[in-house]
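Structure first, commentary second.
Per-chain numbering from 1; labels A, B, C and D assigned in written order.
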Amino acid sequence: MIVEMKIGASQEEINGVVQRAKSLGLGVQLNLGTNKTVVAILGPDTGQLSTDAFGVLPGVERVTRIMKPYKLASREFKPVDTIVSVNGIQIGGKRVVVMAGPCAVEDDKQLMATAMVVKEAGACILRGGAYKPRTSPFAFQGLEESGLKLLRQSKEQFDLPVVTEVVDPHEVTKVAQYADILQVGARNMQNYALLREIGKSRHPVLLKRGLSATVAEWLTAADYLLAGGNDQVILCERGIRTFEDTTRFSMDIGSIPVIKKFSHLPLVVDPSHAAGHYSLVPALAKAAVAAGADGLLIEVHPNPKDALVDGLQSLTPSDFARLMQELRPIAEAVDRYM
Amino acid sequence: MIVEMKIGASQEEINGVVQRAKSLGLGVQLNLGTNKTVVAILGPDTGQLSTDAFGVLPGVERVTRIMKPYKLASREFKPVDTIVSVNGIQIGGKRVVVMAGPCAVEDDKQLMATAMVVKEAGACILRGGAYKPRTSPFAFQGLEESGLKLLRQSKEQFDLPVVTEVVDPHEVTKVAQYADILQVGARNMQNYALLREIGKSRHPVLLKRGLSATVAEWLTAADYLLAGGNDQVILCERGIRTFEDTTRFSMDIGSIPVIKKFSHLPLVVDPSHAAGHYSLVPALAKAAVAAGADGLLIEVHPNPKDALVDGLQSLTPSDFARLMQELRPIAEAVDRYM
Amino acid sequence: MIVEMKIGASQEEINGVVQRAKSLGLGVQLNLGTNKTVVAILGPDTGQLSTDAFGVLPGVERVTRIMKPYKLASREFKPVDTIVSVNGIQIGGKRVVVMAGPCAVEDDKQLMATAMVVKEAGACILRGGAYKPRTSPFAFQGLEESGLKLLRQSKEQFDLPVVTEVVDPHEVTKVAQYADILQVGARNMQNYALLREIGKSRHPVLLKRGLSATVAEWLTAADYLLAGGNDQVILCERGIRTFEDTTRFSMDIGSIPVIKKFSHLPLVVDPSHAAGHYSLVPALAKAAVAAGADGLLIEVHPNPKDALVDGLQSLTPSDFARLMQELRPIAEAVDRYM
Amino acid sequence: MIVEMKIGASQEEINGVVQRAKSLGLGVQLNLGTNKTVVAILGPDTGQLSTDAFGVLPGVERVTRIMKPYKLASREFKPVDTIVSVNGIQIGGKRVVVMAGPCAVEDDKQLMATAMVVKEAGACILRGGAYKPRTSPFAFQGLEESGLKLLRQSKEQFDLPVVTEVVDPHEVTKVAQYADILQVGARNMQNYALLREIGKSRHPVLLKRGLSATVAEWLTAADYLLAGGNDQVILCERGIRTFEDTTRFSMDIGSIPVIKKFSHLPLVVDPSHAAGHYSLVPALAKAAVAAGADGLLIEVHPNPKDALVDGLQSLTPSDFARLMQELRPIAEAVDRYM
């Protein structure tokens, strides 16, 4: 942490900074510049310390954090890639893992039809929402527990592990009974009550990036899960909010190499929510695989025209099957397989 | 809702749009342009309908929503200003209501000292966090229920109603026993499990704008509370996330006249979180009052240097008292009082 | 400038950083942390040095700039407020200076009518565009030199100095013959060919903030003007681009206290372009004055319904006159006058 | 264009809208909803018309544009892909065209060394800046005309056509004598004086996306070039400004399928400026090719450690050669070649 003093800061003010550092058990090195003093605060946990601790002191102009705010999710903390294993499927290994299915579980028929086609086309995990956090209170809110039961049923019938969202801290245990991977949605990335509860479980969890979260905040949210003892964490990039409006969100393709550089956690990409329109999904999916994503989360619906939620961004079974065919050579081009 | 067909869309595709509208109980008017057909979908609730309902149909180029997605929070729904009354204090009336206090409740002494000075300076509601949603799991998380008890105590001692944050849907009833106004934090603006629970209560609630929420999304989140039957809703602008980094967030001053134009709900402004630095808080507070805010939410700490949370953006008691003095003539200049 | 080495960086790599600093005439101080080395680079001009100079060296993890990138525009460089004097009107003094007029000069009648009413209402500088940088090539592009002549004429008739935009570096001399203040538009904030040419003149210049420029970039653009020798620089905040779409841009009210803190240059605010709608302009104008702006730039049109450009954000003469009345007590409340 | 009247708008106000439409030669269709009237304005050029034309009329609530603001750049205007031919190299065809070279031309030796290695590795166009628009006036501003001469020399020696930036409208003719492709930089995307001048030439032009420009604005800027008669336009995505700070800009990968869907113009991608760091460039380059880019613009420097500009984002010759090897199978996987 670098504390820049104001021009003309007094010796007493500089001492104040030094004393605060010492009281926090931190080391100090003074840099006496030509016209201002800069104090370097040294210690292994300065990344987790608020910059305010020094910013509030008299004579301080600005405090800059050097250490990253996240710790357990960092590659510095754990240099080796984390691989999350779900029913024998490894996420974070050489295989690019495709999770596919409808946005929302609507009924038995819809789910079984989708499970069958995505399995056939090569997906190895089934996605589907039973609890739907919807922007408007007047919109369809999901089948809830009966949706979970349908997911379990299709899992058994098609041997497809299931990823589904949990939205309430008090439902973590229940959802975990049905799901193989718990999903934390973008709007809940900083719902700490929820993160803490999932951190206590040992269930694999897919943590979606908040729609305006920085990479550092996303990894710090992952720290909540890891700090609780749950090390089965998968990250999911799903687009960020920008001024651009031709896509629903702007998929941050740069986050893929950035996460690979700074974190050990596996990363899957959701091109469906980023695109917002089925015609744009294939290009985003291909880009994600080429850039090094460990997996994809894709919305597929047997009949998008009648989908209750997000039909416009859902692929038809035939479009999904074709996309899977097109993705394979790209995966091979980057030394992966599907 | 306006459905723009692709150039050369077939009659059958146009019919498909018309039939879907009819099946949803909506009216239709065809606009046959020179080279493309545009279908207007008519009905009172098209604002709550997903544009996907038409976007997924073959031959459709684009769907544009004309009606706003929120309903109960709109001025069209309720033309008269809502006034929320808290212990006789009216929020949304002629008085600019100041809520002040520490970011986090730290201990008895800190809270009582702050309550005394903010009361003296003219604040009429005490703020203070007992449950603190913190970005890092390693940071101070609040005193929880014992913090609530301290808030209740200072309320009784200084006759100051209390606003405090609730973060877990299962704690709404408990927090409501202590607090006069329940606060929904920015990171929880779209935590629908929480909103639904608060919607069931009849307790005044302060709904902070999400840090990347549009005004329309914010008012739609308010619809969750209103749809549950809780009409004691106060909005709180606290800055949005932009690329600018000299302030912690960018206070969206434009949201004040926009909310006043499109909604009937009262609006307070939190200049402390937007600014991120005490030296910038007064200018933002003055601007908010001049632009028509119904109140302010300001962080004050008896000793910011030793604050456990957000000390850098907290005013000292003397700075707060001076600011209150400076705000009064501005309030009068816009025909309000403090 | 702070150079953070990778964990395990070699002594040779550290030496590489030290040697580069010395070759650039800079001082160095080594901070040997517990698990990584941080090198502070010291010198008065490190703000203007690219962080790449060190970032490219082997073993370097990250480089953080401590000094600001701008220099001549900074309050550190010149602690005393700059006051720009235009025909005896001081911008940056106690008076809040209002510049008003149509977006585009359309014809003799329109301009004279506007000049008369804005003068009467209390504006002291006339604005009007003769060269209009329009988003679409099919839109009205301005009257060009005949527009300049009309501006000059109305100046003489009403004793109102004129501010108008210049868009081509080769027209700076010509426009300066007619205008009292040269305006650099938001889209040209980083048009360095233009800035350099205006920097050579000694004409007052109003530098609009680029629509996605940070405050630091804006002040660095001002450095271009100041470095050329032109110290008659006025800054103009006009809203930044964000995801919010109920206003045309998001007026960055925080930039007012930030500029006052970090720069000596006067700052006016353009609420018209930020708002994009006449009904929102008064609230933004009031907020700007309350927050400490030195002036306002407001669009007024005698008949907005027939304006060729930006009619929707133009005030009518009577709305403008009422706004001026409403602004006066706010100016007085912050110890200014109009 | 859709004009939504206020609830309770009078018949006279509705007539006002109808009359304005007729006076502009446009058709009208009234949609009388249950509680508000919506007027559809019909005509082939409503995309180029300002929404203000109707927004300013009394009784109007909001105006929504349905037609896109750009025209000549749209696929509706020209359904067939444009292919720009530069010295026999086709941009927009099956070949993914790589343009590579240093950010800035520094001297004879640097440029020749780079030209040789990029040619050898498979690049077919040489990039290099002679005029450098730099954020700070104190930074290196380019070799100017002598840089152009060096570019011409290396073109002749290595048979590599050259792309270089032009920053001043009055230098278009001069730069066109040396360059095969004129580059319009991101900061000049809306420098209309420059666009108009290049529009008059018939020289191929590479139009970089402005760093906060929407796709619609970018294509409208292309309209300036096309409207002047220059149909040799290549678009270049180079990242947009967002809140994320681990990359210099956020590469908008979604713009690739969006541009392919809505425009006929070829599109190249600049991963170097988006990434800001050499270690992130390969992943972005691969993603761009997988998503369907027609080419890449990559910074290569023989010795990035000593580059005068942007060394941190420049690849070394060996990194570039390896990247070219890695890109080939990806190009083939999407049915292209390099």
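Simple rule for what comes next: a contact is a pair of C-beta atoms (placed from the backbone, for glycine too) under 8 Å apart; a residue touches a chain by one contact, two chains touch by 3 or more.
Keep in mind it's a predicted model, so treat the numbers as computed, not measured.
S.K.: If you tally contacting C-beta pairs, which comes out ahead, B-C or C-D? Let me know.
M.R.: Between the chain pairs C-D and B-C, B-C carries more contacts.
S.K.: Of all chains present, which has the mean Cα position farthest from that of chain D?
M.R.: Measuring from the centre of chain D, the most distant chain centre belongs to B.
S.K.: Just curious, how far off is chain D from chain B if you go by their C-alpha centres, in Å?
M.R.: 38
S.K.: Measure off the straight-line distance from the CA centroid of chain C to the CA centroid of chain D, and report it in whole Å.
M.R.: So the centroids are 26 Å from each other.
S.K.: Between chain B and chain C, what's the gap in Å when you average each chain's C-alpha atoms?
M.R.: Using C-alpha averages as centres, the distance is 31 Å.
S.K.: Can you list the residues of chain A that touch 2 or more other chains?
M.R.: 212, 241-243
S.K.: Tell me, which parts of chain D touch chain B in their complex?
M.R.: 2, 4, 7, 27, 29, 31, 33-35, 38, 40, 42-44, 62, 64, 66, 76, 241-243
S.K.: Report the residues of chain D in contact with chain A in the complex, numbered from low to high.
M.R.: 212, 214-216, 240, 242-247, 250-258, 260-262, 274-275, 279-280, 282-284, 286-292, 326, 329-330, 332-334
S.K.: Would you mind writing out the residues of chain A in touch with chain B in their complex?
M.R.: 45, 48, 50-53, 55-57, 69-71, 133-139, 167-170, 187-188, 190-193, 196, 211-212, 217, 220, 223-224, 227-228, 241, 277, 304-305, 307, 309-313
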